[in-house]
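Each in structure tokens, the structures are laid out below.
Common to both upcoming complexes is chain A, partnered first by chain B, then by chain C.
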Partner chain A sequence: MTNDIHVDHLYFRYHEQAPYVLHDISLTVKQGEWLTILGHNGSGKSTLARFFNALHVPKEGKVISCGIDTKHANEWVNIRRQVAMVFQNPDNQIVAPTVEDDVAFGLENAGIPYEEMHERVYRSIERLGLRGLETQEPHRLSGGQKQRVALAGALALRPKVIVLDEATSMLDPTGRIEVLSMVEKLRKEENITIITITHDVTEAMLADRIIVLHEGSMAYEGTPDEILSDENALRKVGLRAPFIVQMANELKRQQVPLPNGVLSHEELVTSLCKLKPIT
Partner chain B sequence: MQIKANHLTYTYMKNTPFETNAIDKLDLMIPGEQFTSIIGHTGSGKSTLVQHFNGLLKPTDGSIKIGEWTVKSDTKQKLLYPLRRHVGMVFQFPEHQLFHETILADVAYGPMNFGFSKEEAEKVAKECLANVGIDDQLFDRSPFDVSGGQMRRVAIAGVLALDPELLILDEPTAGLDPEGQEMMMKLFHDWYEEREERSIILVTHQMEDAARYSDEVIVMDGGNVIDRGTPRQIFAKKAELEKIGLTVPESVQLLEALQAHSESELNTSAFTLEDTVESILSFLHKKGRD
Partner chain C sequence: MFDNVIIGQYVPRNSLVHKIDPRAKLLAILLFIIFLFISRHPVVLSLAIVITGTTFILAKIPFRYYIKGMRFIAILIFFTFLLHLFMTREGTVIVDWPWLTVYSGGVVEGSLIALRLFLLVLMASLLTLTTTPIDLTDGMERLMKPLKRIRVPTHELALMMSIALRFIPTLLGETSKIVKAQMARGANFSEGSLWKRLKSLIPILIPLFVQSFKRAEDLAIAMEARGYGGGEGRTKFRQLRWKRNDSIAIGVFVMFALLTIVFGFIE
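And then the complex of A and B:
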């Protein structure tokens, strides 16, 4: 398998006297993988994400995106077409008066011929379940719909990687599920590599692999099972374990003999029902 | 401070083809001296409604009474001024409202605007900053020169510095990490508990917060109030809430799943970790007696 993103001993600070915001980061993201970068506010996770598509370029260390070293300024446009980003606030990234124009915006800039553009725009709209909303004003849509418009715009560019930087943190619970299930679908059916940046542990459960950032350094790396079941380790880096993990741990402290590694509602319910009654 | 909406209607883009009623002939009374949460899907009208509570929006039709102030479509802007002193409002990203050169000046700005001398205003500002956990070493720094979490606390100190009686919180923890959210909600709850006459109205998507802190929960959909009650009453209606795009707190989801799977009765209205654990323990004990 090829690697889509490769980061090698990356350090970053805003100017020479400033403290380091990122400290010795090395990681690879494989093609088709879902990686979550988890960290509290100010841990450096959004700053790191900006290196993936050359919005930041390393002075110390190296970032290779889709096989291209991001230090080459003449490749930036090319890199950004392959590594698309969706940001936190849907209202800040919508530019056009209608949904279809907004999805087409990136393609127009890329100089794609009209026929092809038309086909790509409608395919993306279809893929993201936005049929029927083509001529709507984006500002009148719900938060979840707006983020799907942003995702459709990204998909139309036919990227290899989509980076979601806190893209669900301003949505209500239904909007969040709506967007994440679309992301899952894009990964499965289009084989797009997904990188999500978040402090939401429930969202992190969907990943293949999690990297936890703390004060600009990589604190932990592992599968969701490994990372999310360790309540104390998460607390140390200013995060909270998922509710189910906290519950299972508290029940164990109360002498309820639960198995290790309970992460989901279903697992906890089944385990509890199997238990011998307390007399 | 009591709130009473009387046939309140608010129309966006009136007299255009896009005219829509965000609030539609709403009659509503919210008692004072309580912690009220308003929940509802995006676009249900909850933010539009609460912006009437301190006169940021005036009704298109009908009226709203907040304490002793009545606001109608033709109410003069000047009369809303004293109302805003008594009703504080914290928006989704309150740090966007910061503007002064120093943190202290930013927080003192409100009280000075309402007639306090510089000394008085700064005294109040210092107290409020201490209450939200901003160290006095930061007082002379620019509010744009501190962390995001600190900026938000400075902005909140600015709202509290006017000593409001009613505090309107419109998703005040959006974008904060879980630790920050917990601290922020505790800060508001402590403020509320401190004095008898204080009230809070919280607009939120976090069902956990609505369940944990509120005396009463109001449910909105399509510009109207469709249900209200204690957290216990409201969050016992999982199916109804899901129909309008809402959920119940995770603790309730877990206990309801356990109840369905085990086919036995258990207490499903637990909103804290402790109460949830207790409900599960008593379920396991009961299993022993059957």
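And then the complex of A and C:
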């Protein structure tokens, strides 16, 4: 397994006198993995994300993206082509006046010849289910559609990694599901490494691995089972466990014999059903 | 209200004029405007009328679409006509009232200027009615390319234009949201003196500006993350292809220009 992102003892502050925003971060993201960086507002998670594609460059510590050290300024464009990013506000990241133009924007910047660009743009649009909206104007799209346009723009670059920086936090529940299911599909079918930055514990369930960030430091690291079922640990970092976890824990306190690591609706229902013959 | 900013006045039709390359349209209009005002020979003027009329028919856009944009211009044309009518002191006297004299030269001069302005506005409307603003921006960028040598930032200008087009509807939506939010807090925009009403705009403009700057910053970061590095080494997704019809269209207007010069000498 190769590593797509490697962060080594990263410290960051905005200027010399300021307090550290990031404190001794070391992490590795494996190829094809879905990593979630979880943290409440101001935990430094978005700042950390910007190191992955060289929007921030470390003064103390080291970040290696797709095998390239981000401190080399002449490699930044190359890194950004491999580590694509989708941002929080869908309205503020679409550059061009129509969907197809926007999907093409990154390819234009990369100087891809017209024939290949044309093919890649329409393929991306197709992959994200945006057919029929090619010439639509961004302000006529729903939030979920706009984020899918942003994803299509990222996908067209054929990146190794896609970083979603709170990309679903401004969407309604339908839009959120729409975007996340697309992300899931891309990871499966294109083998793209996914890094999601979020404060939403339900979204974190989709990940293979979670890193919890608290006040600029790495507080916990583990699988969703381990992290999300630990109500006390989550409370310490200002987060609340998912509703299902809270409910399962409460049931356990009431002497209902449930297994550990119940995270989703289905899991809770099946474990409860298994109890039936006993009672 | 401003729902169609990006499409502008554009009326989609499957016509010959719609299919002409925006570069050709811009060049043709430029030629037309320059030479329309050079000559006053009747042959040239009737040719201009024929050209405008033909383009109008070929564009297949009903006249009512022109009226919207023309109402204000019509007043302007009318006053220009009056001005020339009363101010010109040539030819024979037609009307001789104690407070008003109109010379025949005034009628000719007034009609001439009105006709020219009318043709000009019709042609300009034809351009915006048959071309989307995005295509226009594109055409302008290509035409301005030679200016790059004297360091005119053509790519940046075109990008600014296209970002503006993309954000106008977003900002208009935002404005109406702010207006509603301020009204919900008891702001009153429709009463009081002019000064008071102007002052009541401040609580709309300030949040709008703050938000726009925030948007601009977000957009700049997003563009950087997508590898934007200026116009150097950039390819274009929008391709313009010069076709035979474009050459023919330009040819017609070049002929018009040449005839104008020829008749200018005859005069």
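Basically, the second predicted complex is superposed on the first by the 275 of 279 C-alpha atoms of A that agree within 3 Å, B and C clash if a C-alpha of one lies under 4 Å from a C-alpha of the other, contacts with A are read in each partner's own complex, and residues count from 1 in each chain.
Just so we're on the same page, a residue touches a chain if its C-beta (ideal position, glycine included) is under 8 Å from a C-beta of that chain, and two chains touch if they have at least 3 such contacts.
Keep in mind that this is a model prediction, so the values were computed, not measured.
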* Overlaying the two complexes on chain A, which is it for chain B and chain C: clash or fit? -> clash
* Using the touch definition from the top, say if A:Asn92 reaches chain B (first), chain C (second), both or neither. => second
* Tell me which partner A:Leu275 touches in the superposition: chain B (first), chain C (second), both or neither. => first
* Quick one: classify A:Glu166 as touching chain B (first), chain C (second), both or neither. => first
* Regarding the shared-chain residue A:His265, is it in contact with chain B (first), chain C (second), both, or neither? -> first
* To do: Return first, second, both or neither, reflecting whether A:Asn41 touches chain B, chain C, both chains, or no partner chain.
  => first
* Asked: Is A:Leu251 touching the first partner chain B, the second partner chain C, both, or neither of them?
  -> first
* To do: Please indicate which partner A:Asp101 is in contact with in the superposed arrangement: first for chain B, second for chain C, both, or neither.
  => second
* Asked: chain B: which of 76-84, 112-120, 130-138 or 202-210 bumps into chain C?
  -> 76-84
* Asked: So in the complex, which bits of chain B are touching chain A?
  -> 41-43, 92, 147-149, 174-180, 205, 207, 245-247, 250-251, 253-254, 257-258, 261-262, 273, 276-277, 280-281, 283-290
* Going by the contact rule at the top, pick out the chain C residues touching chain A in the complex. => 6, 134, 162-163, 165-166, 169-170, 173, 214-215, 218-219, 221-229, 233-239
* Structure fact -> Interface with chain C, chain A side, in the complex: residues 53, 55, 77, 80-81, 84-85, 87, 89, 91-98, 100-101, 104-114, 117-118, 121, 137-139, 153, 157
* Asked: Where on chain A is chain B touching in the complex?
  -> 40-42, 88, 142-144, 166, 169-175, 199, 201, 238-240, 243-244, 246-247, 250-251, 254, 256, 265-266, 268-270, 272-273, 275, 277-279
